[in-house]
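For reference, the structure discussed in these notes is given below.
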Amino acid sequence: MEESHAHTRPSRPPIVELNDVTVVYPGGHVGLERVSMKIDRGEFIFLVGPTGCGKSTFIKLLLRDLEPASGSVMVAGKDINEMERSKVPMLRRRIGTVFQDFKLLPNRTVYDNVAYALQVTGTPRAEIKRQVPEILRMVGLGAKIHNYPDELSGGEQQRVSVARAFVSHPPLLLADEPTGNLDPETSIGIMQLLYRINRTGTTVVVVTHDREMVDKMRRRVVQLYDGRVIRDQSAGLYTTDESTEEFGVRVSNELGVDFGDHDGDDIGAAL
Amino acid sequence: MEESHAHTRPSRPPIVELNDVTVVYPGGHVGLERVSMKIDRGEFIFLVGPTGCGKSTFIKLLLRDLEPASGSVMVAGKDINEMERSKVPMLRRRIGTVFQDFKLLPNRTVYDNVAYALQVTGTPRAEIKRQVPEILRMVGLGAKIHNYPDELSGGEQQRVSVARAFVSHPPLLLADEPTGNLDPETSIGIMQLLYRINRTGTTVVVVTHDREMVDKMRRRVVQLYDGRVIRDQSAGLYTTDESTEEFGVRVSNELGVDFGDHDGDDIGAAL
Amino acid sequence: MSRFAFFLGEAYRALRRNAAPSIAAVVTIAVTVLLVGVLVPVLDASGSKTNDVRNQLELKVFLFNDASKGEINSLQNRIEGIQHVESVEYVSPAQALKILEQRLEDKSLLNELNSNPLPPAFNVKLDDPDNLESVQAALSPPDSTGKPQPISSAIDDIVTGEQTQAIRSVTGAVKIMLLAIAVLLGIASLFLIGNTIRLSIYARRREVEVMQLVGATNWFIRWPFVIEGIVVGMLGAGIAVGIMVVAKAIIVDPLSDDLTLIDNFNTIAFGPLIASLVIGAMALSALGSGVTLRRFLRI
Amino acid sequence: MSRFAFFLGEAYRALRRNAAPSIAAVVTIAVTVLLVGVLVPVLDASGSKTNDVRNQLELKVFLFNDASKGEINSLQNRIEGIQHVESVEYVSPAQALKILEQRLEDKSLLNELNSNPLPPAFNVKLDDPDNLESVQAALSPPDSTGKPQPISSAIDDIVTGEQTQAIRSVTGAVKIMLLAIAVLLGIASLFLIGNTIRLSIYARRREVEVMQLVGATNWFIRWPFVIEGIVVGMLGAGIAVGIMVVAKAIIVDPLSDDLTLIDNFNTIAFGPLIASLVIGAMALSALGSGVTLRRFLRI
């Protein structure tokens, strides 16, 4: 799982590959149902869908915070559920995650929260001291460096979570509604940041409800509904209105994928 | 603080009145700075502004979760900071609040979380049994009634918070980004719900970053920036572009309020 | 009434959903009650044993062999009148010889005696050994020159047991120590149970904050915690009492037939001990819950 | 090295930011260590007192007055050869009379004797009073008819103290009870300290989950907790030891001059006791932290 560039080398396995994955929660609720999907290195993907459709479940799956009832989850060509327990921290270090509920450490300052992601990897102190303030300035929190999470506004907490997710320059970045608590201007700033990070070769998966943003960026859109992938469209819109549906058909035809194909093992569209 | 109707009777005091309120957080950060504002019974207000501008601080203030460094906060004509501590629960029962971080009780099911808001007021069991499932169906959680919060998606948790906020039909409803974790369709549903509630006479204050929603609804907009009120405009837009600014001027002129008036004791506009 | 049912339900929910801290609290209370329940009878038995020893301390007043019956009777009355004297027992030379006989291993010794060499005497028991000096002074007050003179010419000698002083101070120290241990144990129980309750509530302080924000009054929040405290205290004490009852039946009772020390256990009634332990644990735990909450309620 | 500094820093942060549970843990440990620290010397002193009593139990072998020196010497050798006999002391009639004289209050009694009525005897000390029967059997094994016959014709009678049986069983029971209390105390400490540590970590389980999600290895999470446990254990034990040292200086030492029981306290060395308490508390607390965490780490 070395850093790769936006230009995908076909010889290497996709960074994420789900094969017929079903997730069943303890109560019996089906979180994801027979989901198959590939994400290539360097891609930028929007994951959209109504509330409760399984987007966060997808993120938890990649972090092995959940295990699938069936199917396999491959990250960088390795089945992460076959992995030994002791290797899981290594997996998680290589995936930067913005959690929907931020998951900040309440007894650490903003600085220490972000630094923690570097400390786990054994980064030298000097390096941490250099990088953390820089990344915090990038997300607009330069002035809040020594505050504790409960002294921050919702949007500020969210940006700490964003900063922590990419301070270690992970090859894969999962952002679960990274702008849900942010005003439009700050949201755009964060999205631009994600975009820039993607340009350096990082694969980025963004869960969002921000229709405007998705429509503007025109990147690959995977749409979930009730645990199933109902659309996987490159350069898609947040929702498929008449015209975008046509667009989707065109794209998927261009890629030579059958319109009704739900197991699409390419990034093609499947409605 | 009895229920009032959309038609405001001028003889009664405004439901919320802030006089020159300044909030200073323990670290010295100024959360709100000399804010004066009136909210009449039956109004529907959007509170907007960039992240960290003091919107949640405003909400905490009305719940007496924070005390101002100076100025007075009047709810239904009474200064809530002069109130005895033992009266605070009564105040909070009459204000329904959707918290930005939901603040659900982790050891209660969805049903019990919502029911708690009725139980504190001593509502009879039979009444609770009737109302709670109904309100949960209204926010689209009919199927999740017996789940615990940690078994819900972010958006589902948010809707539990919404349901709890108005199950007791409070005369004042404060919603701190009630749709931040919801997809556009569900957001519209929640907003329509808030609108309907407002139509029954409840005063509604909505904090939001949803530009589209604010622009569509054209209700009073109060904009904060860095702890100060920089705009208070009836039927406003999320942001003032050239045209809306003109619109604001027109409206404020119509209402006969001076354009530069920051202490506006009417709902007039103040940029 | 329905409110009480609600609070009961809340307490039950808390116990079920917060099993880990509740179990920890139950275990701590059980362990503490067990410690107290075992040590209190032991301390009590040791204490009464010590008192037995102390009560055996007595003063011996030896009389001249020629003391007349009248003299003896009037002297006995006078001694009985002295403050702090509990009882006075007359021991005739014949009785004294019998006692001596019992104490000697070789009885033949006494057969060799031509006459009874023992004098008549009074055994004077005191209400408390600490009053030895005052009684001694009353029996032979100092005369004008300051030298003590017996109150009656029939008195030959007044003798205290050789080790009276030592026994007195040892038993005194033992009693102080026992008391100190009992007090320490009591304080320790307070701290241990209080602390555990505090910690288990601390884990739920966020919940309490939310309840407040939703408009719950302080007592509305507090009652379920208090009830939970009572239940936890009852469970913990119940477990401890169960262990104690079994231990008593298996270990202590079979031994107590032939053992005087263990017999002393029955000086403390098992029933009241258990009752007070259970009630104490419940009260402490309920109080601990209520008081701890106070801090999180910011009243 | 820098990693160790990091873990230390983390532990310090946890102690500072989670003051409430940390203080609770320190208090619980202090109270428990204090209990153990006070009760262990008391139990130990009681135990050695009991042993003193047990060791005074002896067997008396009375000889005929006409036993010759040779007979006496050879018999002494034979008795010393018996298993479980620790020492054999010869008591001549003259010595016996002196001892008797000391035990009697009225010395005049003995002046009345025309001759010494006491026989020569051996005081036989045993290694353990429980072996009384076996030694007795060796001194007078049963003959063909099953009736015990003394091993030497010089032996007149073999006598055990009247209360030997009673004392033996009482002291035995006391020793069992002391042991039981000590064991109970040990187990109680384990539970009490373990429970408190568990609770204080329980309050932070969410934090542990987040650390895991961010890629921290189990040991990376665990070390600060273990160090924190060590510090908490050290503080708690330190407070307890401080109280004990002060209490010893103020209460125990002034008394110990004239009190034999308290003198026994010095049979247990104060230094090693304190050292083992402190080390025990630290180890237990650190172990408790490490083990508890295991559950939240879902390993």
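Chains here go by letter, A, B, C and D, matching the order in which they are written, and residues are numbered from 1 within each.
Methods note: a residue touches a chain if its C-beta (ideal position, glycine included) is under 8 Å from a C-beta of that chain, and two chains touch if they have at least 3 such contacts.
Quick caveat: nothing in here was measured; it's all calculated off a predicted structure.
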Quiz item: For chain B and chain D, what is the smallest step count along a path of chains that touch one another?
Solution: 2
Quiz item: By number of C-beta pairs in contact, which two chains lead?
Solution: C-D
Quiz item: Centre-to-centre on C-alpha atoms, which chain is most distant from chain C?
Solution: A
Quiz item: In whole angstrom, what separates the CA-based centres of chain A and chain C?
Solution: 70
Quiz item: Just how far, in Å, is the C-alpha centre of chain C from the one of chain B?
Solution: 65
Self-check item: For chain C paired with chain D, centre-to-centre distance based on mean C-alpha positions, whole Å
Solution: 22
Practice problem: Specify, in ascending order, the residues of chain A that touch 2 or more different other chains. | Solution: none
Quiz item: Which parts of chain C, given as residue numbers and ranges, touch two or more other chains?
Solution: none
Quiz item: How would one label the connectivity among the chains shown: line, ring, star, complete, or other?
Solution: ring
Quiz item: Every touching chain pair, please?
Solution: A-B, A-D, B-C, C-D
Quiz item: Can you list the residues on chain B that touch chain C in the complex?
Solution: 63, 65, 85-86, 89-94, 97, 99, 103-108, 112, 116-117, 119-122, 124-125, 164
Quiz item: Once bound in the complex, which stretches of chain D touch chain C?
Solution: 20-21, 24-25, 27-28, 31-32, 34-35, 38-39, 42, 60, 62, 100, 103-106, 108-109, 111-115, 117-119, 159, 166, 169-170, 173-174, 177, 180-181, 184-185, 187-188, 191-192, 195-196, 198-200, 202-203, 251, 255, 258-262
Quiz item: For chain C, which residues are in contact with chain B within the complex?
Solution: 2-3, 6, 13-14, 17-18, 207, 210-218, 220, 299
Quiz prompt | chain B residues within the chain A interface of the complex | solution = 25, 27, 29, 48-52, 55-56, 100-101, 147, 151-156, 159, 176-177, 180-187, 209, 211-212, 238-239
